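Below: a set of structures, written as structure tokens.
Same chain, two partners: chain A is paired with chain B first, then with chain C.
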Partner chain A sequence: MKNLTDAGEQDSGIRWKSSTLRNAKNSLAGIAGYLALLAMLAIMVSIFGYIIQGGATHITLKIITTNGNTTTGGILNAIIGTWLLVGTGLLFSVPPGVLGALYNVQSTSHGGIASVTRLFTDILTSVPSIVIGLFGYLILVIRLGMGFSLLAGGMALGIMMLPYVMRISEISMRNVPAEQVNNAYALGADTINVAYRIYLPQAGAGIISGILLAIGIAAGETAQLLYTAGWNNALPSGLLKSPVAYLTYVVWYGINQPSAYAHQLAFVSAFILIIMVTALIFISKFIGRKGA
Partner chain B sequence: MDTKNKFFNFLTLLMSLLPVFILVSIFAFVFYYSIPAIRYMGVRFFTTYLWYPGIESRPPIHINGVTAPYASSYGILLFLTGTLISSALAIVIALPLSFLSSMAVELYVPSGIKKFLISMIELFAGIPSVIYGLWGIIVLEPLLFHDIEPWMRDVLSTVPGFAGEIYSGAGILASGVILAFMIIPIIVSVMVNSFDTVPAEIKHGIVTLGATKWELGKYLITDYSRMSTYGGTLLGLGRALGETMAVLMVSGAVVNVLPSSFYSAINTMAAAVASLLDSAFFDATGMSISALSELSLVLMIISLSVNVLGRRIAGRSVLRGEEFD
Partner chain C sequence: MIHLENIMETRKLSVKAGQKTILDNIDINIYRHRVNTIVGPSGGGKSTFLKCLNRLVDLDSNYHVSGDIFLEGKNIREYSEIELRRRVGMVFQRPNPFPMSVYDNVAFGLRLQGKVKQHEMDSMVKDSLREAGLFDEVNDNLNRPASTLSGGQQQRLCIARALILKPSVLMLDEPTSSLDPVAKGRIEELMIQLRERYTVILVTHDITQARKVSDHTSMLFNGKIIASGEGVDFLESSSSDAMKAFLGDATV
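Now for the complex of A and B:
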């Protein structure tokens, strides 16, 4: 490759070197890039490998079908507790998320509020999870008297899930052709009709993909739950004042215990979590892509 | 329009304002709960690293109109240092890896496996942080302790910060490495996106002028789309600053001991809140909880400012590797 001369040099500001050196650099960068990808692949394989191997070798029917206290027994209470918490989180995030998205998507033309809520929604996702946990403890657990409970833990998760549901719903609703919405309004449809007949059916796949992503992320969260859900050696007895067990707690607490069985429980919980979360994320991606 | 529709419209507006309401409440309440600690510690909150819950058997003291346990001290210097060092280290590790891998994915790798590789990188953002913590404890810490840290000490013994005692694998390096993998997907996402959104004429123009792939990639990421790169890095930093569980598990979670080298155990602001809150329940004056609220407030202000700045500069937000425009 011939080097460029004067004018090009001046304009681009790039100091061209001899082409052999440039080609060598190019190949070197390619090799470095492949090495970087390989290193990341290796670490991904290592994470999945260790967790899956550790979980698969220790998992027994007894562990997943009995309750336990992170050092003895099983993890059934934690498995069910995780789903109860995520389910409660859904109650507090899906209805407001989808409704809020309906407002935001329709108010793009007259900006104002929607751009502010969009900014705040994004900021809300970057609030550190432990801060949501502390807030949940101070306000929900203590001030509102919920105690360590399903409701407090679920609401803390809901705070974290809401922005994901709202923003992804809004983005998928934005793909609905504007003419269709305008035509519907011109034909006399009201907002409820437009929401039910146009936005929800057409953006449904996208909304569900957002919800699945939020579930996947919420199921793997810990810090919000430490001081809102607490821990329970059995299933919670109700919505209020009865703590809830969850899988991430078993991982965190179990691996720090000086007992081989606790480590075993931690691995089994991590195994279930990683399978569940990756599956949810991939299904979410698949549905999202199909919907778009 | 009938009442039902008016109500529905109002409801959607209300719900779209819910995130605003939640965020403002979090700020307001966390600030409200910090007031006693602000009055008790004042500026010393930032200038001392001593975190001591006080002596319970002695009567509490009254200062500036607030009550605190005898001899108690709440200083966040150690946690602040830990957060900044571990996040900075994460960026130092993540940035070159992100740069190289997004360039490889965009320019060098056969297009057939591009999608697979991008999904793989995104998956790093989806792995729960306790799983990173678990992996850190069983794989990374022994590796650092037995192999990498002794090797680093031998090679870099004259460099400040790299000489010193190695007590365990938990600490600054382990935290930095784990955080790096959590933020790589965010930075890669922004870089790959900036590749994809550069107009084809510009790319073709650069190639026609005889640029190699490396020159094209370097130019696009560090020059043409450099604002995206800065923004993406800040978004990654914002995530690293607030990460709790993984760091809690691999940092050593020390209190009252400042790090002496890169092998030292540390603690971060987020991890400190998580690990100190349960003991704070037993403080009858409530000052420990107030101090942890102030710590959360400071953490939130730092991490949200970085995120907002990153979002502004990158012109979009990336949450766990998911692109939001």
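Now for the complex of A and C:
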């Protein structure tokens, strides 16, 4: 009996120790989490604060309504150029991205094209933008003779946006209940009808949210545009062989110039970019949540 | 002596998924204007069997189907998949209306067929809802979202959605397994009414349900038909251990 009591006390002692250790570990993990959150918030606040302070205080109507060359004038050509590049990028990323996602989601085999596509999409997501820029310069600008242009820049952005559009579209489509897809087939729908009437309406919010995220990422890119879009003090005159201005170039180039006004333009451009990207992320989250 | 006329039949129907045999040499007759019931324990291949009859199984390239299936004397491979699925309707285990209105759900299959005049569509939607015993419950507002209906109503909506295509055969894959006893009872009554105009194939593991509605029953066990006959009572006289085990479990 005594032995049993001893064993019980020993057992409860071990339990107490393990519970104390577990609580201590939980507390430490909690503190580490809070510290990481604080560090992240501090970084975000300092970046946003710095840019907003530098940008919002210098922004004028004249700067955003006139063209410029990064050291004089305004940034209208860069604002419009950014949207033209992103819009062209969308043309090259959304149709193949959404159609590719539809193919992948409707493909039931474990091997085959779908898994290869997924693998390449994942690889493409991690390819540095400078490498895409180099490819764009050698192939689009030089080999295909597009020159620094809207088409070359847009295609380079499209290559970067494609994996985001495709993966997020595929994830959204995979959330469509399989029973509904089977039901549609059982009612005589073909693949196109299932895509058009089941996948796209139900995954639409997720797809749009993916597209907006890709736009946000593309709008903030510089590296591949340096090699493909060039720079233009005005708006491009056409799709080919006419360079395009864009906001990240104003930031990158302007901040390196020994001119207070160029710094001002760089801050204003960064400010506009941050507003654009933040707005897109909020819209994409709102749409995504509404869709869910 | 009742004259039984085949509307569908399978000959040496086998399905494999990789090395695993799901259905093994199934020869079965489906009789016109009868409730043809396939009973058996879960995982025995019942749902796969139904998916063979409308070729839904072909959507999954991991399944390999061999043997022949005939509808009205014609091999189902001679029909286009779309035509076959319109003639052999299917209702699934869980009620799953599309996220649209009651009206749009029922009209879904009809709209796939192309242009149908609005007044014709209205009339066909209402007729289908009547046939599924749902019209009186939803007639006040056909534009309400289908998701606002109860589980039993949603399942009858799925039946109406299948009936609007005027199928020759209506397949019901455990249609009451997720419903409460009242909703279940209504669907069982409906099955008996529907056999007047359609041929019904019911898949169930609920032997009590089979007793209520089945005209002709086949027992599918581990991918094989181990007994087949009129009504259900003949199953109880079987000496098969599998049958005894199933009936024992099913009556608990």
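Simple rule for what comes next: the second predicted complex is superposed on the first by the 253 of 292 C-alpha atoms of A that agree within 3 Å, B and C clash if a C-alpha of one lies under 4 Å from a C-alpha of the other, contacts with A are read in each partner's own complex, and residues count from 1 in each chain.
The rule we apply is simple: contacts are C-beta pairs under 8 Å (C-beta built on N, C-alpha and C of every residue); 3 or more make two chains touch, one makes a residue touch a chain.
This structure is a prediction, so every number in the text was calculated from the model and none was measured.
Three-chain overlay on chain A, with chain B and chain C fitting side by side and no clash. With both structures placed on the common chain, the touch criterion links A:Phe286 to neither chain B nor chain C. Legend: residue contacts after superposition of the two complexes on their common chain; A:Tyr196 is shown touching neither chain B nor chain C. Within the superposed three-chain model, A:Tyr185 lies in touch with chain C and out of touch with chain B [touch as defined at top].
Once the two complexes are laid over each other on the shared chain, residue contacts for A:Val251 go to chain B alone; chain C is not touched. With both structures placed on the common chain, the touch criterion links A:Ala114 to chain B but leaves chain C unconnected. Shared-chain residue A:Pro177: touches chain C; no touch with chain B. Vertex at chain A: the C-alpha centres of chain B and chain C lie 120° apart in angle, rounded to steps of 10. In the superposition on chain A, A:Asn23 contacts chain B only, with no contact to chain C. In the superposed three-chain model, the partner touching more residues of chain A is B, compared with the other of chain B and chain C. The minimum CA-CA separation between chain B and chain C in the overlaid arrangement is 7 Å, rounded to the whole angstrom.
For the contact definition in use here, the residues of chain A common to its chain B contact set and its chain C contact set are 190. Every residue of chain A that touches chain B in the complex is listed here, in rising order: 1-4, 8, 12, 14, 22-23, 25-26, 28-30, 32-37, 39-41, 43-44, 46-47, 50-51, 54, 95-97, 99-104, 113-114, 116-117, 119-135, 137-139, 159, 162-164, 166-168, 171, 190-192, 195, 213, 216-217, 219-223, 226-227, 248, 251-252, 255-256, 266-267, 270, 273-274, 277-278, 281, 285. Across the interface of their complex, chain C is touched by residues 108-110, 177, 179-180, 182-190, 193, 197-198, 201-202 of chain A. For chain B in complex with chain A, the residues that touch the partner chain are 1-2, 4-5, 8-9, 11-13, 15-20, 22-23, 25-26, 29-30, 33, 96-97, 100-101, 103-105, 107-109, 117, 119-121, 123-124, 126-135, 137-139, 181, 184, 209-215, 217-219, 238-239, 241-245, 248-249, 270-271, 273-274, 277-278, 289, 292-293, 296, 299-300, 303-304, 307-308, 311, 317, 319-320, 322, 324-325. Touching chain A in their complex are the following residues of chain C: 54, 56, 59-62, 81-83, 85-86, 89-90, 92, 94, 96, 98-99, 108-109, 112-113, 158, 161-162, 165.
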